[in-house]
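Multiple structures are listed underneath, in structure tokens.
Two complexes follow with chain A in common, the first pairing it with chain B and the second with chain C.
Take a look at the complex of A and B:
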């Protein structure tokens, strides 16, 4: 082969590789479409904020690879609120008025979300928060949507599973923060499901020992135990005092961080949640594969929630125009959307519209998640 | 006042008045927080610098002020001023009732006593969700309306907050320069000698503690109307510690030092956050550096530097 023919072949091959790359990687050009994001990457909420940031940055790559927003690249400007609502407020002011973002994603925590919502609502900036709807004032904020279920839905999911295993007497172990909020919704719902709450034991956030409370729950001889907390401690204590009844836990303790901290206690626990990375549903497979390939770890709910929020805002921008903001973008955002985590409809009263049928019920067996066949019909 | 001081004062006033209009909105927002933290830090500065008392309970009074404003305006639909007054009244009564017994303690024991107060209050803010909204908090607190002028953005609220802060500074200055101030310093430097001069130490300490609580409560109410939302996360023991940092960093005996300290705790974390997740570690290192290298605070260090330069200048002359 002469040198010139070799070069010609090489050029041809390079062009082919380039073309095939183009077919997967659509070109984006022009001024980026700027979207602000606030997560709790440090502080008490880092367990939520770090996965959310991973989900967002992965979504940014994915959206841009698929053509961006009408050919323009999307850019998520991610800020850390250090789990502090005051900082979140300053960051929101910077993103909206300094960096002129068209919409805002996040924050990770309820307090920060409500604080930031005061600015986005007053200035008509669309917002998609990585929290469930919080205090009453959030219902008036018609352009602050949420990608995680309201606590009432989390409580309903726990009771649905209890009903399915015919548990009529339930003991509850919950913490004073997240647990309190879910409990407030759970109590009035329990009667409707024919469930009697035979013991309700509360413990401090960050408690390192909840054996006393767990013992009281055991003494009430329940058919099943609910654990509603953001901690591994109650799970360890429940196993230590040999509670053998089924344990059903709220989504708050579903992250791998907590599961690893549970050690051998991470066994025979059912959690109503959305994503089981080890055994994803068909519509979750692409996301899970891409996540595993990029980060070399298995995603769970918060990564998927941020991924969905990013894709919802991208879809809304593609519909309403790359420069859209304010009410126009807000209206576009309210179209029903089926995401990786759940199906959403932000026109719903709870600014989420997640149906109970979006829940899957996973089971921890020997520290590994498996997906149970149980689902709740809408 | 000599003409030079007057000139500096006039320049300072012009800079202060123009600042919120020339800086970006998020910086105006940080300046509002600086004003709020100055009010809260002033009380701590009075206790630390003039009585030698470490108060780790300021977040309690800050929280009381904030919740009083939130509850009165959102839940009861009362005018904003009622929230300010109710918060101040509750804080002062609580400071008196709790201050009387715990201010008998001294040194580390007293610091631990105030820390316990902060921890108890933080737990109660969580538990009494019928009053505080618990983890979900209370949202929708109205912005302040001053004679029909709505203080709905940082550049407007800035002026209100700083006028309150200057008023509090005037009160603090008055207290320090008065006979009470002399008694306070006598008590700080030698409590035995002060007692021998028939100064009622405990009554004096309680008085300053009550003033400190009043400032804390005012700051809390100001915060509630700025953020429009209050939740337990803003009133934890961590917040008490950051309030204590204000006089420690700025200089506990100096009133301008409190402003410098408040600027440090609001602006530095914000600037460092541009450096990524390591920002909290860097903030910690900056704190250690200030405390170790400048035990009298930034203002004290600046004063020393100026004195040294003046001495060198006169030496050469």
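Take a look at the complex of A and C:
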């Protein structure tokens, strides 16, 4: 290659890079499209709300860099409900009637979602909640969609893994909040999977010691142990009293906050979840890289759920028109969507449509997440 | 129910009981010396444990020095709270409920400060005596838990000796029983109250440091410990630090035996029913009367 042709190629390549950078940094102009968001940035739910806020703000930048909503910028007005349903409700009222948002994302907690859903449903404001579907009344709210799996699906994922390792006797340690809700779905499903729940032990939320409950699980000689909680305590206790059977944990314990608090106990634990930032699936790679670059930390499920919700509403607005709201936007939102966390179909009965095949099964080894090859076929 | 399960429940009950006892003893030492119900006793535990964690991980102090640093931090915060708030309010004849409100406010402030400056994450400390365990009849107890029990019993005995054998201890007791009488014999009553808070802070910090290798410490731990410690102190007789030790052990054992005896779903129902019965039968607490003699 001669020098001149080399320079010509180099110039061409530079121009190409410049051009692609330009096309990514598309300009948006005009009145911003306002979307409200409520997260639990403080209080008991902050472990969910803070990652969700990060995911939302990253999505806002990403959507606007790619042209926004038909050339107009999208703006997420993020409010904190302090993990309190009353606060969530008043923030929702302000966002809907004061700020005139076209749709609402969040909240982070089930109780807040149920409360806010009363307003959005009555006023036909499309909502995408960062929770799994909760009490029966939510099934009637056909424009309140959910980006996290219903608890029945979480229970199914635990049982699918138990089946795959041929565990027929399972001991359960669960807390009195989240754990109770998943347990209610798990009990009737267990029979179908030929799994006998040989010990079901409960502990209060925030318990600092669950050793005795773990000892009862151990005494029932299970083939595997399910832990359904939002704390690191039961994991440490299970290892402390030397339970050697495989531990399978529900998604609630998957955040790094809990994993770090487990210390050396964060080993040989399988979690059915969606995002392993250390080893993302091909369609998750772009999001994970962008997140790492922006926040200098590795994202997990809740960051991805908020990111997906933001992109779903943006896609629906691009389809139905930048000023769309109400039923028109709601209908547009219901198109099947393949997100980072999972594939959704909000026209499904559970207002989620996440298939069991969206789950990946991660394994904690020495405090680090690895992705196992196990998947469940639809 | 197997023997090994009962033994495991006893291990857990005694370990938790000693933790409740340490928090309860600090609470009751402060109440005895100042008539302040200290709703931030659990925060002393968080301060002690967090300081130890920071000294160990960020400045690389040896573990023993970091533990001493954590305990001193608890004592200093105790002294600060007495000098900065309690002393001033006592001069104005603040009522018991004002003091309670003060300590509730301080508890929330401290917890929020830990969240703001140190973050949400939980931290563990290395176990004393290594990660080894003792196994008896299939029931497992960590070496660290044995250390915790031994140090807890040691602290209880030392506290009793302090109140009975040392001049400062006797003066503190005198100042708490009859402040005017003590003042006429030349005891500096307000300084004794400062010492009381130092003692409370020290005991709370010690409890926090000892429990961290087992349960980890984060900004939310304080309230939990305060509640259990308060139950332990009331059960044993609030004016008697030794009673808090007995109360703590009772509470820990009732809790864990309720789990294996009945069901983990009804653990709190059973545990608190037992406490109610004890309080009806012994309204002064298990060691209540001894409290009047100074514990």
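To be clear about the criterion, the second predicted complex is superposed on the first by the 357 of 378 C-alpha atoms of A that agree within 3 Å, B and C clash if a C-alpha of one lies under 4 Å from a C-alpha of the other, contacts with A are read in each partner's own complex, and residues count from 1 in each chain.
Basically, contacts are C-beta pairs under 8 Å (C-beta built on N, C-alpha and C of every residue); 3 or more make two chains touch, one makes a residue touch a chain.
Keep in mind the model is a prediction, meaning the values are calculated, not measured.
Novice: Would you check which partner chain A:211 touches, where first means chain B only, second means chain C only, and both and neither mean what they say?
Specialist: second
Novice: On the A-aligned overlay, A:115 touches which partner chain: chain B = first, chain C = second, or both, or neither?
Specialist: A:115: touches chain B, not chain C.
Novice: So, A:260: does it touch chain B (first), chain C (second), both, or neither?
Specialist: A:260 contacts chain C only, not chain B.
Novice: Kindly classify A:140 by the partners it touches after superposition: chain B alone (first), chain C alone (second), both, or neither?
Specialist: A:140 contacts chain B only, not chain C.
Novice: Which touches a greater number of chain A residues, chain B or chain C?
Specialist: With both complexes superposed on chain A, more residues of chain A are touched by B.
Novice: Answer with first, second, both or neither: which of chain B and chain C does A:93 touch in the superposed model?
Specialist: A:93 contacts chain B only, not chain C.
Novice: Would you sort A:186 into first (chain B), second (chain C), both or neither based on which partner it touches?
Specialist: Neither partner.
Novice: By the touch definition at the top of the document, which applies to A:342: first (chain B), second (chain C), both, or neither?
Specialist: neither
Novice: So which bits of chain A does chain B touch that chain C touches too?
Specialist: 204
Novice: Mind listing the chain C positions that touch chain A in their complex?
Specialist: By the definition above, chain C touches chain A via 2, 4-5, 8-9, 11-13, 15-16, 120-124, 131, 133, 135, 139-140, 142, 211, 214-216, 218, 220-221, 224-225, 255-256, 259-260, 264-265, 267-268.
Novice: Touching residues of chain A toward chain C in the complex: what are they?
Specialist: 46-47, 50, 201-204, 206, 208-209, 211-213, 215-216, 219, 232-233, 236, 240-242, 257-258, 260-261, 263-264
Novice: Quick one: which bits of chain A touch chain B in the complex? Just the residue numbers, please.
Specialist: Residues 41-43, 79-80, 82-87, 89-91, 93-94, 96-98, 109-111, 114-115, 117-118, 122, 134-138, 140, 176-178, 180-181, 184, 204-205 of chain A touch chain B in their complex.
Novice: Could you pull out which chain B residues touch chain A in their complex?
Specialist: Counting only chain B, the residues touching chain A are 24-26, 28-30, 33, 123, 126-127, 129, 133-140, 152, 154, 223, 227-229, 231-234, 269-270, 273, 277, 279-280.
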